[in-house]
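Labels A, B, C, D, E, F, G and H are assigned to the chains in the order they are written; within every chain, residues are numbered from 1.
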Amino acid sequence: MSNATAVDLRNRGGLIAIFEEFRDELDDHNDRRERLIKQSRDITNLSKKVIFLLHRMMTDDASDTHTSTAGLEDRGDRARAFKAASRAKEKLREIQSIFANIRKELEGDRFWRYQRQVSPGLQEYIEALSFTHYLETGELISFGGVQSTLADEQGTPYFPLPLEDYVLGLSDLTGELMRYAISSIARRGGRNKANDVCAFVRNCRADFEVLTPYFKELRKKQNVTSQSLQKIEDAAYAIAVRSSEYDLSPEMLDDIVTRTVSS
Amino acid sequence: MDSQNLEYINNLLEQDNEVREKIKEQVADLDKKTRTMSGVLNKIHSTPSSQLPPLLNQIKPVLASCKDTNASLANIIPANQFWRWKEMWSISLRNAVFAATLVGYLESGILLTLPQVREILGIDASWSDRYALPAEDYLHGVISLVNELSRLAVNAVTMGNFEEPIKISSFVKDIFAGFSMLNLKNDTLRRRYDSLKYDIKKIEEVVYDVSLRKLAPARSRST
Amino acid sequence: MDSQNLEYINNLLEQDNEVREKIKEQVADLDKKTRTMSGVLNKIHSTPSSQLPPLLNQIKPVLASCKDTNASLANIIPANQFWRWKEMWSISLRNAVFAATLVGYLESGILLTLPQVREILGIDASWSDRYALPAEDYLHGVISLVNELSRLAVNAVTMGNFEEPIKISSFVKDIFAGFSMLNLKNDTLRRRYDSLKYDIKKIEEVVYDVSLRKLAPARSRST
Amino acid sequence: MDSQNLEYINNLLEQDNEVREKIKEQVADLDKKTRTMSGVLNKIHSTPSSQLPPLLNQIKPVLASCKDTNASLANIIPANQFWRWKEMWSISLRNAVFAATLVGYLESGILLTLPQVREILGIDASWSDRYALPAEDYLHGVISLVNELSRLAVNAVTMGNFEEPIKISSFVKDIFAGFSMLNLKNDTLRRRYDSLKYDIKKIEEVVYDVSLRKLAPARSRST
Amino acid sequence: MDSQNLEYINNLLEQDNEVREKIKEQVADLDKKTRTMSGVLNKIHSTPSSQLPPLLNQIKPVLASCKDTNASLANIIPANQFWRWKEMWSISLRNAVFAATLVGYLESGILLTLPQVREILGIDASWSDRYALPAEDYLHGVISLVNELSRLAVNAVTMGNFEEPIKISSFVKDIFAGFSMLNLKNDTLRRRYDSLKYDIKKIEEVVYDVSLRKLAPARSRST
Amino acid sequence: MSNATAVDLRNRGGLIAIFEEFRDELDDHNDRRERLIKQSRDITNLSKKVIFLLHRMMTDDASDTHTSTAGLEDRGDRARAFKAASRAKEKLREIQSIFANIRKELEGDRFWRYQRQVSPGLQEYIEALSFTHYLETGELISFGGVQSTLADEQGTPYFPLPLEDYVLGLSDLTGELMRYAISSIARRGGRNKANDVCAFVRNCRADFEVLTPYFKELRKKQNVTSQSLQKIEDAAYAIAVRSSEYDLSPEMLDDIVTRTVSS
Amino acid sequence: MDSQNLEYINNLLEQDNEVREKIKEQVADLDKKTRTMSGVLNKIHSTPSSQLPPLLNQIKPVLASCKDTNASLANIIPANQFWRWKEMWSISLRNAVFAATLVGYLESGILLTLPQVREILGIDASWSDRYALPAEDYLHGVISLVNELSRLAVNAVTMGNFEEPIKISSFVKDIFAGFSMLNLKNDTLRRRYDSLKYDIKKIEEVVYDVSLRKLAPARSRST
Amino acid sequence: MDSQNLEYINNLLEQDNEVREKIKEQVADLDKKTRTMSGVLNKIHSTPSSQLPPLLNQIKPVLASCKDTNASLANIIPANQFWRWKEMWSISLRNAVFAATLVGYLESGILLTLPQVREILGIDASWSDRYALPAEDYLHGVISLVNELSRLAVNAVTMGNFEEPIKISSFVKDIFAGFSMLNLKNDTLRRRYDSLKYDIKKIEEVVYDVSLRKLAPARSRST
C-alpha cells in the first residue's frame, strides 16, 4: 500500500492490486480468528472436564468408605478436596500451556483485537481454576492469582487479563458451587458443607453486585447467582429442618443414616 | 421447463408429503400407546409392591405392540432418511423408553441397557438408515425414569414400604454416576441431567427420614 | 426549518440536557447509597436476631443521608416536571423504600406507612410537583420487602429460629390482603404482585414444616 | 365502485368498534366479581374447616351475580360471533369457573361438571352462537382449582387438619386421571396440564409427611 | 372426574379436530382450483384481446366449481363458528375473488360488486353464521385485481393494443377513489391499499408513453 | 394518609384503611388514564381523517375539469390547495376543541404524568396540521406555530408542547408528502409538484438528522423518511426521463396526454 | 450403568465433531469455487453476446472442478446421514446449480434439467444416502437464475441487444409456468417463487420499452 | 473478596472509566463534524455539477479539522489498546471516510485509496497500536459512497445530467469487482456488500433508461 497515488478507475490494474492487499489482510485476520476460536473451544472443553472431574471426585462414593468413621469425617473430606484439587491442577496445566502457545498470536495490539474470540475459553478456565482454588483453600482466587497462572517463568503475563473475564468467570463459579452443595447435601457432613458454601456464595453475590454497573453481562449472571444462592439456602434449610426434629448432633444423625442404608 | 423435468420434480416433492403424512399417523399411534402405558404406570404410586405384577402384566402387551408401530415406521421411512424425519417421533420414542425401563426396574431392579430396550421395542439394528434408537433418546428416557422414581420413593413410604427408598437410592446413584462420565454438550440433555440432582436430593431426604424414624429419638413426639 | 425555529429548539434541548445531567449525578449518588445498604442488609440471612441491632445501626446513617440526595433532586427538577423525569430515579428510590421498610420490620415488626417512609427519606410533601414518593414506588418497595422476607423465613429456620417464619407469615399475609384490594392494571406492579403468591406459598411451606414437626412453641403456631 | 357498494362496506367496517367497547365494559365487571371472590377464597388457607360455611355464604351471592354479567354479554355479542370475540373474556370466565368449582369442592367434596358450572354461572345453552362455556375454558378453571388445592393441602396441616391432604390427594388424582384420558391438542392447556404433575407431587409429599408421623387416623390413610 | 363429564368433554374436543381436518381438505381443493385459474389467467398477458373469450371460457367452469367447495365448507362448519375457522381459508377465498373480478373486468369492463361475487362463488347469504364473504376478503381480492391490471397495461402495449391502458387507467382510478372513501384501520388492508398508488403510477406512465408516442415529436427518433 | 403512625399489623383495620387510600388513588389514576387514551384515540382518528381529506381533495378529478386550460393550471392548483387547507382547518378546529376540553385533566404536574397517553394523538394532530400548513404555504410549520394552535384566547398554552412530539409528528409528515407526490406525479403539473416536495423532504431529512441524537424514536423514523425521499426521487426521475424523450415543454406534454385520454 | 453401555454411548456422542470439521473444510472449498464463478459471470452484464464464449470457457473448468469437492463430501458423510448434515452445504450447492444453469442458458438457451445439473456437478446418483442434489436445492438455483436474467434483460438493451430481452421473457415465462404447477409446501421456496413475479414484471417492462420504440425486428416481437 | 483484590480491581475500573469518558468527548466532536459534512453533501442531489465546487470548498475545512480530533484520540488511547476501544468511534470514522471519498469522487472522479484517506483525516501510520484506519472501516465508508452514488445517478437525470449515471456506473462496477475478490465472513460488511447489488441494479436501470432513449452522447454510452 506504499503506492499512495489515487486510483484512476480507468486503470483497473491499480484497483485490483489494492483489493488484493485487502484480501490478503482480511484472509490473514480471518484465519487467525478461526485458529483462536478453535483454541478457545478446546480450552472451554478442557475446563469443563476439570469441573466435571472435581464434581465427580467430590461425590465419589468409593473413596468414602475408608474414612467413614465419624470422627475422621471432616479430616477425610479435607483430604479428598486436596486430592481433587491436585488432580485438577495437573489438568489445568495442560490448559495453561495452550495459553502459552497462543501467546504469539496475541502479541501487541492483537490481544484486544481477538479478545472476544479468546474470552469464552478464558472465562471457562477461570471458572475451573477458581473452583479448584475454592476446594483447596475455601477462598475466592484473586485477580493477581489468576494472572499469575497465565504468565511465563519470568512472571511476564502472556496477555493482559481483562477484568471482565475475571469477574464473569467467577460469577459462573457460583453455579458450580450450587451443584456441589446440592450434590453433597444429603451426604455425611453435608449440612456444614452447605452452610459454608452458602455463606461463600452469599458474599460473592454481594461483592459482584458492586461491579454490575461496569459489566453489562454481569447483570444477567447476577440473576443466575441469586437463583443458585436460593437453591443452596433451600437445600441447607431442608436438611436443617429435618434434623431439628431429633435431639441428636448432626454427626450422630449422619451415622444412623449410614448404618440404615448399609444394613 | 420441459414436462419431463417438471414431472420428475413434482414426483420428488409429492413423495415427501406422503411420507410425512404416513409418519404422522404412526406417531399418533405410538403416542396413544405411550399415553396408555403412562396412565397405568401412574398407578404404581398407590399400589403396594405385592400387587405390582398384575399391573405390569397389563402393560406388557402394550409395550410389545410398540414393535408393530416401530416396524411400520421403519417401513415408511425411505432408505437413508432417518435423520431427515427423526424429530417427528423422538418425544414419543423417549416415552416408550421410559415405560420400558420403568417396567424393567419394577420387575428386576436393574437398568435395561440400550440394546435391551431396542429389543423390547422391536427396533432392528439393521434398520439404522431408517429407524433407530439413538443414545440421546435412550438417555432422555432414563432421566424420566429417575424423575418418576423420586416420586415413587415418597409414595412407597406412604404405603408403608420403607425398603423401597433405600433400593431406589442405590439404583439412582448408580445411574447418576454413569451420567457424570458422559461428555454432554450444553443442550437439553445436559439441562435435564442437571435436574437429576434434585431427584437424588429428594430421595436422600426420604432415606434420611426413614432411617431416623426407625432409630433416633424425636425431639417431641407427643403425637 | 427556519433558523429562528431551529434556535428555539436548540435552546429547549440544551436546557433539558442540563437537567438530565444533573439528575444523573444525584441518581448515581442515591444508587451508591442503596447499594451500600443492600450490602449490609444481605447479612441478615446469616445473623441471629439477637445480633441484628448493631447491623441496623450501621444502616441508619446511610438511610438518613438519602435526605440530602432527595433534597438536591427536588431542587433540580423544574416545576411540574416530576413525572417527566421520574423514570430516571424510580428504581433507586424503590430500593431506598425497600431498605427503609426492611429496617422498620426488623426493628419493630411493623410495616412503615408511605408518609413514614417519606419522612425517613426526607421527601417533603410540598415538593410534589417536582419530587415525590408516589404510591407506585412505595408499593414496589414493599413487594421487594416481601421477596426478601420469604428468603429470611427460610434462613431463619436454618439458623434455628423457628418463630420468625410464623411472624413473617402473618405480616406478609396482611400485606397481601392489602394488595389484593387494589385494581392493578397489566403493568410491572401487577406482574410483581402476581409473583408475591410464590413468596407466600414458600413461607406457608416453611410454616408447615415447622408446625408439622412442632418446632415452634404452641402460641405462635396459632396463626 | 358504486356508492351503495361502498356504503355497505363502510358500514361493516365500522360496527365492530361499538361491540368491542361494550364487551370491554362487561368484562371489567366480570373481572371485578372474580377478583372479589378470589379475595374471599384466599382466606380458606387460614380458616379451619369448621368455619368455612360463613365464608362460602359470602361468595355465593357474588357467584350468582355473574349470571347478570353473562346475560349482558350474551345480549351484546351479535348472532354467530361467539368465536370472533371470545378471547376478550376467556381469562375472566376461567376465573369464574375456578371460583365455582372451588366452592363446589369445599361444600361437597365433588368436582362440578361443565353443565353444572354453566348453570351456576347462568350461561344458557341456547346462546351458543353468542356466548358459551367451551370445554377449554372449563378445563383451565379446573386446573386452577388443582393448583389451589395443592396449597390448601399444605395449609390444612399447619392448621392441624391432617385428613384434608388425604382427601385432596384422592380428589386430585381422580382429576389427573381424567385429564390423562383427553387428547389435548391445545398448547396452553397441554402445558398447564403438564404442570399438574408438580401439584400432585407436592400433595403426595404432604401425605407422606403426615403418614410418616402417623398423624392421620388409620382409616383415612388407606387411600 | 366422573366418566360422563369426561366423555362429554372428550366429545367436544374430538369434534373440533374432525372439523379442522375436513376444512383443511376443502381448502386444499379450493387452493387447487384457484391455482388452476391463476395459471390460465396468467396467459392474458400474452393473449390479444380478440382471443380472450376462449381463455375465459376455460376458466368459467373452474370458477363455477368453486360453488361446490364453498357449499362443502358451509356444510362442515358448525353453526355459528364462522369466526372461529375463517383464517383457514381466507387467503384461498381472496384468490377466488381475484379470479372472479378479473374475469368480470375482462368480459364487461366493470367491477363486480360484493353480492355479485358472492353469487358467482355460490356463497349463500343465509349461511352467514358458517361461511360468508366478508368485506375485508372482497377488498383484498380487488386489490390483487388492480395489481394484475397494472401489469396488463404494460403487456397490452407490447401486443399493440394502445386502448387497453387508457381503459384500465379509468377503471383503476375509480376503484382507487372508492377505496379512499373507506375508513381503513392500520392493518394489512391499509398497507396493500397504500401500494395501489404504485400501480396507478405505473399505469399512468404507460398512458403517458402511449399518448406521446402517437402525438409528440421525439427528440431523436433515429430508429 | 394524615395518620402517620406505623401500621401494627395486628391492627388489620389500619392496614386496610391505608390500602383503601391507595386503591382510590390508583383507581382515580387509571380512570383518568383510560379517559385520556380514549381522547387521544379520537384525536388520532380525526387527524387521520383530515389527512385523508387533504389527499382526496388534492387528487379529486371532478374539481380538475373546470381549470384544465394549460395556462391556468398552476393557479388552479394553488386554488385547490387553498380550498383543501381551509376545509382541513375547519376539521382541525374540532380537534383543537378536544384539546381544550382535556386541558383540565392535564393541569399542573399531570401533563407529564399522562404525556405518553396523549402523545400518539398529539403527534397525529401535528402531522395533519403540518400537512395543511404545507399545502397552504409550502413551509414547515414552526414549533411556535403548533403551540399557538393549542392555546386559549389569551394565548396561554393548554399544556407545554413536548419537543419530541413536535419532531416526531413532523417526521410522519414526510410519509404523507411522499403519498401526495406519488399520487399527483402522473397528473398535470405533477413534475413540478414532485420536484418541490422532493426538495422539501430532502431538507426535512437533513434538519431532522441533527436532532436524532436527542430522540430515540426519531432514528427509526429517519429511516422511513429516507425511504420516502427515495420514492419521491424515483418518481420525479421517472417522469423526467420520460419527458426528456420529447422536444416539448412539460406543459405541452401534459396537454397532449389529457387530450388522448379524454378522446 | 455398566461401563460397556457407557463407553458405547460416549463414543456415539463424540464422533460427530470430526465429521462436522471435515465437511466445513470442503464447503469452504465449494464456496470459493462458486464465488470465483459468480465473479466471472457478473461480467455478462457488460459483455456483448458475441464475446461471451471466452467468458464461458473460463468458467467451465471451475464448474468441472466442483466434481472433486462433491466427491470428497460424499466420502466424508457417513452412510445414511445425508439428511443430518445437508444444511451445511445447501447454500453453496444452490450457488453451483445457479452457475451451471446460467452457463446452460447462455450457451444453448435451454434450462438444464436436474439430472443434467447433477451430471455437470458430478453428483453420483448412487451416493444418495450421503450426498445428493434434492429438488429443493435445484429449484433454488433456478430461481437465482431467473433473478439474474431479469438483470441481464436490462443490461442487454443498454448494450444495444434488443432481442435478448424478448428471448429471456419467453424463457422465464416458461419456467414460471412450470413452477406454478408445483405444489410447493416449503416456505422459503414458496416465498422466493412469489418473488419471481417481480422479475417477470421487470422483464415485461423491458420488452414493453423495446416494443413501444419498435427497436426489435418484427419477428422476435411476436412472442 | 479480600480488600487488596478489591482495591486493585477498583483501580483498574477507574482508569478505564477515565479513558472512556475522554474518548466519548472526542467522538462527540468527530460526530458533530461528520454530521455537518453530511448536511452539506446532502445538497449534491439538487445541485447541478457546474455549481458543485463552492459546495465542496465548504466541506474541505471541516474535513481538515478532523485531523485534530483524530490526533486527540490517538493521545488518549493507551498503547496496544486500539482494538479495545475502536467500537466507540468506528461509525463516526466510517462517516468521515464516506465524506472524504465522496469529495474525492466529485472532484476528480477517482476512488481515494486507504492511505490517501488516512492522510486527509490525519491518521498517522505510526499510531497503529492506538489509533488507525483499518481496512474494514475504509470499506464501510466506500460502501456508503456507493449507496450515495446510486441515489445521485437518479437525481442527476432528474436535473437533466444524462452523463453522470454512465460515469457512476463505470466507477461503481469497478469497486464492486474489487469487493467481490474479498472473502467476507458473515458479518456487517458482508451484509452491506450484498446490498451493493441493489445499488448496482438501480444504476444499471438508470443507464438503461438513458441509453434506450438515446439521451446521452454516444461516446459515454459505450460502457
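Methods note: contacts are C-beta pairs under 8 Å (C-beta built on N, C-alpha and C of every residue); 3 or more make two chains touch, one makes a residue touch a chain.
Please read these numbers as outputs of a predicted model, since none were measured by experiment.
**Q** If I rank A-H and G-H by number of C-beta contact pairs, which comes first?
**A** Contact tally favours A-H.
**Q** To bring subunit C onto subunit D by a C-alpha fit, how many degrees must it turn, rounded to the nearest 5?
**A** 90
**Q** Measuring centre to centre with CA averages, how many angstrom lie between subunit B and subunit D?
**A** 33
**Q** Go ahead and note the Å separation of the Cα centroids belonging to subunit A and subunit C.
**A** 34
**Q** How far is the middle of subunit B from the middle of subunit G, if each middle is the mean of its Cα atoms, in Å?
**A** 44
**Q** Would you mind listing the residues of subunit C that make contact with two or more other chains?
**A** In subunit C, residues 177, 181, 183, 213, 215 touch at least two other chains, as defined above.
**Q** Give the residues of subunit A that touch two or more other chains, as numbers and ranges in rising order.
**A** 244-245
**Q** Under the touch definition given earlier, write down the residues of subunit B that touch subunit A in their complex.
**A** Residues in contact with subunit A: 166, 169-170, 173, 177, 180-181, 183, 194, 197-198, 200-201, 204-205, 207-212, 214-219.
**Q** State the interface residues of subunit F toward subunit E in the complex, per the touch definition above.
**A** Residue list for subunit F touching subunit E: 49, 52, 55-56, 60-61, 179, 182-183, 185-187, 235, 238-239, 242, 244-248, 252-253, 256-257, 259-261.
**Q** Under the definition above, what is the set of subunit A residues touching subunit C in their complex?
**A** Residues 195, 198-199, 202, 205-206, 209-210, 213, 230, 233-234, 236-237, 240-241, 244-245.
**Q** Hey, which residues of subunit G end up touching subunit H in the complex?
**A** 32, 35, 38-39, 42, 45-46, 151, 154-155, 157-158, 160, 206, 209-210, 213, 215
**Q** Note which residues of subunit C are touching subunit D in the complex, please.
**A** 173, 176-177, 180-181, 183, 201, 204-205, 207-208, 211-212, 221, 223
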